[in-house]
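Below, subunit A partners subunit B and then partners subunit C, in two separate complexes.
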Partner chain A sequence: MLRLTLAMARKDLSLTLSRGSGLVQALLLGLLLLFVFSLSQGVGERMTPQSAAAVFWLSSAFCQVLIFNQLYALEEANNSRLGLLLCPAPIQAVWLGKGCAGLILLLLAQIVFLPAGVIFLGQELSGPLPQGLAALALTDVGMCAMGSLLGALAQGQAARESLLSIVLFPLLTPLLLAGISVGAQALGAPSADGPGIWLGVAAAFDAVFLGAGLLLFGHIYAGDE
Partner chain B sequence: MLQLVRVAKTYGVKVIFKDVSCAFAPGSVSLLVGGNGAGKSTLMRVMAGLSRPSAGEARLAEHVRVGYLGHATFLYPGLTALENLAFWRDACGLAFSRKDLMAALERVGLEAHAQERAGVFSRGMAQRLNLARILMQEPNLLLLDEPGTGLDASSLALLRREVMEARSREACVILISHDLAGDAPLADRLLALDGRRLAYDGPPAGYRPMGATAAPENATDAAPDSAQGSAPDNTADNGAAKAAAALAHGASGNPPDSAHEGRHECGQASRHECGQAKARSGEHSGTDGDTPQGGPQCCA
Partner chain C sequence: MPKFSALPQWLALLGGLAFAACQWLIYAYAPVEQTLGLPQKIFYVHLPLAWWALMSFFMVFLGSIAYLWRRNPAADRLCAAAAETGVLLSGLALVTGMLWARRSWGVWWTWDPRLTTTLIMWFIYAGYLVLRGLDLPQQRRNVVCAVVGIVAFLDVPLVFLSARIWRSIHPAVFGNKGGGLEPEMRLTVIACVISFGLLWAGLVWIRKRQLDLAARLDALQQNRLMQEGL
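Up next, the complex of A and B:
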């Protein structure tokens, strides 16, 4: 299973990064969102850390939808999905491989979004950075676990972008709340509770989404056309 | 190795086929024929385990490695030929070195194109690469869904050679083809889907597509002239007769290449005829005394 996972992640990264178009599209959409929200501020005004964190995660969520659409579209060109279904390895390796590739691509995008958000939205990283990074990692893992599962569900559908967005965003709400709350603290917002409780929420939803992915992916991916 | 027990497939209220029962043994080549929309590809997907039967059961023996070559090539256009093979090697858990992958490419005549992207390959080259992908897995159940589509003569010869090679290493090969004249000589057995059922299951020589009239041993050569001489709208019938004659030639021991000469015409005619094929055992045996190889053995 590990071999197919690694092969799938390596192949997806190679195809996405060599072609570039998929990631560039996602990056541009995220940057556009950050830029447009920066225009909502008057001259000299500063967006609250809570709002800035929300805009950052909104950009990341839209970016993630495009990334997983792109990753699952790779199997549509010559119907490679059928070939993968015939492989002796557990089919969950495909979900895991695409999830890993999606996570790396999302992190690459966030490396661009983070400084862009700080500049466009006038923020400073003055809060607890380790907790902020932990929230980033936990939220990203959950988003990619769910994105990889629902990407498989949406593949081959004509309206896959909207299907993925409609199904994905409500499910991701608790994770996004955790990311926004801890992110706001990392940007200097005061908090009475501290980041611990939100990190716990993010970890719990990660566990649920990872379990759901392992259990459901085979049924979704192997479904009759 | 593979057994189908009263298998049926429906999409909504539309019945694709039903009551299909047959078994396939190792070291055999079976040809699956039928008209467009008869359900051949769907049946093959059921055999591969890619589609669940709506009724009945498809039983696959344990530890069977399935090689499936369908209409799509399963290749990634953005990867080179070598990278494609390397990916499928890893996906299938094979312990092959780069040298082994190059040998697999050499086997299908693509070693000079190892570093070219599969996206720039012609249909024939992509199908060769697809064949290399399957053969390196050494499957013991090889399912080929119209593998000859778009292939030139040398690629077809390669494909047929690999089919024979697979049989010699005790693999079970099931082949969908519209090229009866070209592919029947490879097969030990022919199955025809028609009227949503398995209409024929027997030796290729006994199969007669609907409309095939008298098929003397030398009909392959004689048919074009006679077709021109008769009513113009009888060409399909004459074509079917030629296909039947080619089957008789194949069954009489001629190698595939010898039947290849008349393949194009016969193939087209068979394709036409198979679309409405009915293995009418009573009709044929009652009217045609010179049915090749003892006449039809239909089991409708």
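Up next, the complex of A and C:
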């Protein structure tokens, strides 16, 4: 299973990154969102850390939708999905491989979004950085576990981006709240509770949906059109 | 012609009549709350709505597991009926909750864990109903909806927990011993929840039966087309 997972992730990453437009669409959409929200500040005003963290995670969530749509669209041409289904390995390896590829692509996008957010939204990284990075990692893992599971359901649909968004975004609420709260603290907002409780929420979300993904992906990724 | 039991109609009728009778309990038996006054009576409608909406979503969860286990289309139709009822009831719970919030806290909307959880559940299950309406092969659509039905309910405790950590200003109704309610108020709430439960059971059952009949008609039409060689 691990071999197919790694092969799947490597194949998806090389196909996505070697194409000119690979991650560009998702990156541009995220950057555009950051820029548009920066217009909500008056001249000389500074957006609150919580608002800035919310905009950052909104950009990441839209970017994630585009990433997983793109990853699952790779197998739509020439019925390649059937090839994957016939592969003598657990089908969960496809979910895990696409999740890993999506995680790397999302992290690459966030490497751009983070400085862009600091610049456009007038922020400073003055809070606890290790906890901020831990929240980033935990939130990204949960988003990719869920994105990889539900990305498969929208395959073959005409309006799959909007379909995935309306199903995925409300489900991601606990994770986004955790990311926003710890992100705001990393940007210098004071908090009575500290980041620990939110890291626990994000870890619980990851545990629940990594388990659900393993159990349910086999049902959703099948040979029927 | 299959014969159908009249039980769901009786349940809905009995529930409706019982809930109408509860209005006497609400306005004549239960005392007027000292701080909020008459608007507190919204609570007796709001709580059953929210309670049975959550039960509807739990039923979607159970039906989805049953569908993935046995691939029985009847389980899928039960999920559809429960989800539609749940979205309707949670929508009404949101409206009554907003009326309560306006009177109680002076704002139409607030980040209260229960209200926020209801709103997020409404969004999730409204998306679920959009999925159900997609033009997909029936079996594929059923499987996709069953997976989303399971994932959606697994998310509910996490949504509630995160909304609670974010901020809480909701009164603890059943939190403490004694529930923080007068005995007359508690009896009225229990009567409202039970009578609304009868109405809810009748509604879900009748809707499920409609979906069963629609599926039967579709199957008959397909058979006829096949016999005619079309």
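Remarks
Definition applied: the second predicted complex is superposed on the first by the 222 of 225 C-alpha atoms of A that agree within 3 Å, B and C clash if a C-alpha of one lies under 4 Å from a C-alpha of the other, contacts with A are read in each partner's own complex, and residues count from 1 in each chain.
Going forward, a residue touches a chain if its C-beta (ideal position, glycine included) is under 8 Å from a C-beta of that chain, and two chains touch if they have at least 3 such contacts.
Everything numeric in this text was worked out from a predicted model, so none of it was measured.
By the document's definition of touching, of the two partners only subunit C reaches A:Ala212; subunit B does not.
In the superposition on chain A, A:Leu86 contacts subunit B only, with no contact to subunit C. Legend: residue contacts after superposition of the two complexes on their common chain; A:Ala77 is shown touching subunit B, with no touch to subunit C.
Using the contact criterion defined above for the overlaid structures, shared-chain residue A:Leu150 touches subunit C, although it does not reach subunit B. Contacts of A:Leu171 after superposition on the shared chain: subunit C is touched, whereas subunit B is not. By the document's definition of touching, of the two partners only subunit C reaches A:Ser181; subunit B does not.
Of the two partner chains placed around the shared chain by superposition, subunit B is the only one that A:Leu4 touches, whereas subunit C remains out of contact.
Using the contact criterion defined above for the overlaid structures, shared-chain residue A:Ala203 touches neither subunit B nor subunit C, since it reaches no partner.
Of the two partner chains placed around the shared chain by superposition, subunit B is the only one that A:Ser18 touches, whereas subunit C remains out of contact.
The residues of subunit A shared by its contacts with subunit B and with subunit C are 224-225. Within the complex, the subunit C residues that touch subunit A are 68, 120, 123-124, 126-128, 130-131, 134, 136-137, 139-140, 143-144, 146-148, 150-152, 154-155, 158-159, 161-163, 165-166. Of all residues in subunit A, those touching subunit B in their complex are 3-4, 6-8, 11, 14-15, 18-19, 74, 77-80, 82-89, 224-225. Subunit B makes touch with subunit A in their complex at residues 48-52, 65-66, 68, 70, 72-79, 83, 87-88, 90-93, 133.
Residues of subunit A that touch subunit C in their complex: 146, 149-150, 153, 157, 163, 166-167, 169-171, 173-174, 177-178, 181, 193, 197-198, 201, 204-205, 208-209, 212, 216, 219-220, 222, 224-225.
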